[in-house]
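The chains carry the letters A, B, C and D, assigned in the order they are written, with residues numbered from 1 in each.
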Amino acid sequence: MSFTEQEVELLSRQLPLWVEASKVRSAYGKTASYIPELAKAPQHALGIHLIDTTGTAVSSGDCSLSFTMQSISKVFTLILALMDNGEEAVFQKVGMEPTGDNFNSMLKLELVRPGIPFNPLINAGAIAISSLIHGKDSAEKSSRILSFFQALAGNDTLTYDMDVYRSESDTANLNRSMAYLLKDNGVLEGQVEEVLDVYFHHCSIQVTCSDLARMALVLANNGTDPVTGVTLIPRRYVQIAKTFMITCGMYNASGEFAIQVGLPAKSGVSGGILTMVPGRLGIGVVGPALNVKGNSIAGVHLLETISRELDWSLF
Amino acid sequence: MSFTEQEVELLSRQLPLWVEASKVRSAYGKTASYIPELAKAPQHALGIHLIDTTGTAVSSGDCSLSFTMQSISKVFTLILALMDNGEEAVFQKVGMEPTGDNFNSMLKLELVRPGIPFNPLINAGAIAISSLIHGKDSAEKSSRILSFFQALAGNDTLTYDMDVYRSESDTANLNRSMAYLLKDNGVLEGQVEEVLDVYFHHCSIQVTCSDLARMALVLANNGTDPVTGVTLIPRRYVQIAKTFMITCGMYNASGEFAIQVGLPAKSGVSGGILTMVPGRLGIGVVGPALNVKGNSIAGVHLLETISRELDWSLF
Amino acid sequence: MSFTEQEVELLSRQLPLWVEASKVRSAYGKTASYIPELAKAPQHALGIHLIDTTGTAVSSGDCSLSFTMQSISKVFTLILALMDNGEEAVFQKVGMEPTGDNFNSMLKLELVRPGIPFNPLINAGAIAISSLIHGKDSAEKSSRILSFFQALAGNDTLTYDMDVYRSESDTANLNRSMAYLLKDNGVLEGQVEEVLDVYFHHCSIQVTCSDLARMALVLANNGTDPVTGVTLIPRRYVQIAKTFMITCGMYNASGEFAIQVGLPAKSGVSGGILTMVPGRLGIGVVGPALNVKGNSIAGVHLLETISRELDWSLF
Amino acid sequence: MSFTEQEVELLSRQLPLWVEASKVRSAYGKTASYIPELAKAPQHALGIHLIDTTGTAVSSGDCSLSFTMQSISKVFTLILALMDNGEEAVFQKVGMEPTGDNFNSMLKLELVRPGIPFNPLINAGAIAISSLIHGKDSAEKSSRILSFFQALAGNDTLTYDMDVYRSESDTANLNRSMAYLLKDNGVLEGQVEEVLDVYFHHCSIQVTCSDLARMALVLANNGTDPVTGVTLIPRRYVQIAKTFMITCGMYNASGEFAIQVGLPAKSGVSGGILTMVPGRLGIGVVGPALNVKGNSIAGVHLLETISRELDWSLF
C-alpha cells in the first residue's frame, strides 16, 4: 500500500511545520557524551524521511546529515543472528523481556538467573548477539553484517565511520565490563575483544535518514524489499524484530513510546530513530540531541505528532 | 468484522484438540498459593470462549468455571481511573514502562525516583490506580467499579466472590507493605486500608470465560459494545489499555507473550487471561495452573497455538 | 578503672574547646525531617557527658537537653530480647551482618533469602526484635522495656515523649511498609500494629546525655552497674551488643566510625550517640544536626577528636 | 606479652582435640571451584599456627600445607598502598563500609554514587588498591609487594605459585568485568590488564600457616616485628587494617565472625585465615573446604572454639 492521498496532502502541507515545532525541543536535550565523537553532532538538526512500498518518498528537515547507526543496528544483527542460528539457539543466549533498567545496566545480569541478557536490544543483549553472527573471525563477521545492511538499505556504499569506531572502542570500558560479565555467565562464545570488535563495527555503520527508511521499509513489508521484490528476511524473524521494537526498542522509554506513538521503533544514541507503519511505510529520523533516556528528544516529539495526527498507532 | 469462514471451520474442527493438547501442560504448573482460596481451584481445568463483533461465539473446554478476575481487573480500573481523572492526572501517579521484575516487586519503588509504580498493571501500580477511582468512600468506589465491569460484560449479575475477597484481604501483607511504601512515596491519596479494600474488591469480582470475552470485545471494538452499540470507553483510553496489555499485561513474561502470541492480553493469578484480536474478537481463557511467572500455563500454550495457526499476531 | 589523671587533666582543659570546635559543624547538617517533631530540635546544640566506673563524671556543652533515644534504644531492646528468648531464637529472626544500605532500606528483604533483616540495628531488624519482647500485649511489652531502660540508666523518671511518639506513629508509613514485608516473610510474630506500637514507644523514650552515659557504662562494665554493683545483663549479651555497635551501630557509616573513632557506638536520628571505652567509661552525646547518613554531624566530629587525642580506639 | 601459662597448658592439651573436632566440618564445605587450581587442594586438611611476641609458637594439624594467600593478601596491599599514598589518596578510591553483598558483587558499583568500591577488602576494592601501589610497571609493583610480604613473614623464600597465578588469570572474567567497571567509574589508574596482573600476582603468593602467623604478629604488635624489633608499618595503618579486618575481613560473614570470634581476621578462598590477638599473638589457619560465604568451614569453627574457650574476643 502506498501513502493515502490524504496523507500526501497533509504531509506535504504540515510536515515542515511539525519539523520546525519539534526542532525547538532540541534545546532541552544534549548530544551523547559517552562516545566523544558523538558529542560533535549538530545538536539542533532534525530530519525525517518516509518511503512507501511503491517507492514514493517524502522528507523534511536535515536529511543530508550522516550519522552512525549505534543501537539501531541491533535490530538487524538480531535478525542476522536468527538467520544464522535459528530461534532456539538465539533465545538460549538472550531473553525476550523488557528490563525497566538503563540500556547499559548490569544489575539483572547479577541478580537474575540464568544470567543471560533480558533482551537483544539492550547493550548486553546486543553484545551476546554479536557473538552469534557466523564468520571465521571478527573481520568476516563484520563484513557479513555490513553486506546485509547494504542489501537492506539498497545502498552498496554504506560503510563505517572509522572515527566513531575508534572513539567507541577506546572508551568502551562499560561495554567491556558487560562483555566480561557475560563471558563469566557463560553467555559469550569466543574472545571478548573479538566480539566487541564486531559490536563496535556495526554500531559505527554510517547512514542517512533515507537509508534507515529503506531498511525499515523491508521490515514494514514483512522481509521483502518492495522496490526489488527480493525477500531478504524470513517473515517470522521480521515479526520477532518488530515485536522487540515495540516492547524494548526505545530503551526504558519503550512503554511510553508505545503509548504515545504506537509504532515499532529503534533508537540510537547518535539521535537516529528507525520506525515504520507496518505494511505501508518505512521511516528514518535523526535529531542528535537526546533526552535523559537516550532517545532523540526532537525525533520522539516529531513522531508523536505525526502518529497522533495521522492516527498511525497499531493499538 | 466477524470470524472468517476459514476461522470458523478451523476452530470448530481443531479447537477441542488444541484445548486437550494444552490441558496436558497443567501438570507442570500449580494453582496460586499465596491466596489460600485460590489454591482450591481445579488445577487441570482449561476453557476458552471467543466472541466476534456480530455476537457469534465459539467455546471449548471448561467454560462453566467461575473464577475471580484478580489482575485482569487492573485493565479496567485503569480505564475507569482515566475516565475519572484524565491522562495527565493518572500518569503523575503511575508510569508507562515495563519493569522486568516480578509483579509484586518493590525494588524499583526504592531504587528509582520518582518513586511511582512503573506501570498500572503491576500490583503497586494497580493499588495506586485504585486510589484514583472517584467515590466518597471505598464502598462507593467499589460499587462504581462493579457497575462499570457489569456494563462491559453485559452481565448485571457480576459480583464478588466474598471468600476470595476475605482470603485476599487477610493474607495481603505484601500488598499492604507495597501500599504503605506508596503512601510514604507520596503516591497514594487517602487511607491505605481503604485503598486496599477497593483493590481487594475488584480483584475478587467473579467471572466466567464468556464474561472476559465480552469485556475484551469492547476493547477490541475500540470502546463500543458491538452488541448494544453503546460506547462505554473513549477510544484513546482503549488505546492506552491495549498498549499496556502488550508491554506489561502478562507480568514479566509480557515480552515473550508478545513474540509468541502477539495480542494484547492481561492475566490473573486465578488462571484467567483476557485477550483479543483487535477489531474483531474478544477472548476469555481460564486454566488455574500457573507457570513460574504467574500466568496460566495451559492458557498461554493454547493461545500460542491458536495465534500461530490462525496468524493472529499484530506484528 | 577510673579516668586516668592525664585524661582528667586533658579533658578539663580541652573538652570545652573541642565541643566548640565541633559545634561549628552543625551548620553543615540538618535535624531529622521525617518525624516532624524531631525537626524542632535545636540544630546547633552539642553536649557530651562521660562517666567512669567510680561514678566520676565530666561533661561539657548542652547537657541539659532532653531528646528521644530513637535508634539508640535498639541496642537495649536487642539485649532484652536476648534475655527473654536466648541467642538461638533471636538469630532465627535477625542476622548478624552489616548491610551497606540505608537504615530504612528494604532491598535485601526482597533480594536475599531467607528474608530476615540483616541485623538488629537497622529499622527492619529492630522491628523484628520488638516482636520478640515478652509480654501479654503491647502495653506490657512497652512497660517491661521502659523498666529495663530505667534500671540501666539508674533513673526511675525516664518516660516517653508522647509528642514524638504520636508524630512517629502518624508518619511511619515506611516503617509500616517494612513491618508488613517482614510479616509476609514470616519474620514477625503477632499483629503488625501492635509490634509497631512497641517499637514507636521505645524509640520515644526521653533521655539526656547523662542517662545515655549511665546506660553505656553498664555495657562498658560488662553488664554490671558499677555504681550499684547489680548485674543487669549477662556478659555474653553485652558482648553481642558491643560487637553489633562496632559493625552496625552508626548505620551505613559504621565502618568509617570504626576507623576514625574505634569505639562501640549507637546513634539515633534525634542526634544522640551512646558510646563507651570498654572497661572504663560510658559516654552520651547529643547534637541534633545530622549528616547524610543520619548521624549527629557535630557529635561524630567530637568523638573523632577525643578518641584520636586520647588514643581510645580499640584497634 | 607472651602466652599465659594457662593458655600454654590448655593449648597443649586441647588444641589437637579441637582441631580434630573442627576437621569433621570439612565434609560440609567444598574447595573453591572458580579457580580450577584451587579445587585440587586437600579438602579435609586443617592446620593452625600461633606465635606470641616472644617468638614462642604452638601449632597443630596440617601445618606443612602450602597454599596461596588469595584475599588475605588484600590486607597487606592496603597497607602498602597507604604507605605509598597516604590515607587521603587511598580513601578517594575506596570507601570504609561493609557491603552486605558477596565479595564479587558489582551491584553497589552501579547503584551507589560515587561508584568507588565500598571497602578495600572486597574484590573490587582490592583491585582499586592494586592500582595504587607505586612502581613503574606491573613487574615492579608486584616485586615491591612480594618484598614487603617477605619482610612481614620474615621469610625471603616467599614466592608465587605460578600454576595458581595462571589459573587465576585465565579464568578471571568476573574480576575483569569488575576492573573495567571501575575504569569506567574513574576509579582505576593505568591499564586494566596491568592492574589485574598485579592483583593476580599478590593473590598467588604461596604461604604456610606459620608465614601467616608471623605476618599477623606484626599487626598484633602494632607494626613492629617483635622478633627483629624492626618497625615495618606505621601504627595508624595497622589500626586501619585491623579495623577493616573486624568489619569486612570475612566477606559477608564478617558480622557473624565478629560476634562468634571477636578478633580481626582476613580469609581467602584457598581456605587460609589470618587472625590475631592484638598485643599478643599472630595466628595462621588453613582448611581448604569453604562454606557458602567463601570462608574455611573448619577454620572458622576452630577459631570459634578457641576464642570462646580462651575468652579472646575483643568485645
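Here, a residue touches a chain if its C-beta (ideal position, glycine included) is under 8 Å from a C-beta of that chain, and two chains touch if they have at least 3 such contacts.
Going by UniProt, the chains are A, B, C, D = Glutaminase.
This is a predicted model, so every value here is computed, not measured.
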{"item": "Chains touching both chain B and chain C", "value": "none"}
{"item": "Same vs different contact residues, chain A with chain B, by half of numbers used", "value": "same"}
{"item": "Chain A and chain C, separation of their C-alpha mean positions in angstrom", "value": "55"}
{"item": "Centre-of-Cα separation between chain D and chain C, whole angstrom", "value": "32"}
{"item": "Chain centre separation (chain A, chain D; CA means) in Å", "value": "48"}
{"item": "Multi-partner residues of chain C (each touching 2 or more other chains)", "value": "111"}
{"item": "List of chain D residues in touch with chain A within their complex", "value": "105-107, 110-111, 173-174, 176-181, 183-184, 192"}
{"item": "Complex contact set, residues of chain C against chain D", "value": "95-101, 108, 118-119, 239-240, 242-244, 246-248, 252-256, 258-259, 262, 264, 278, 313-315"}
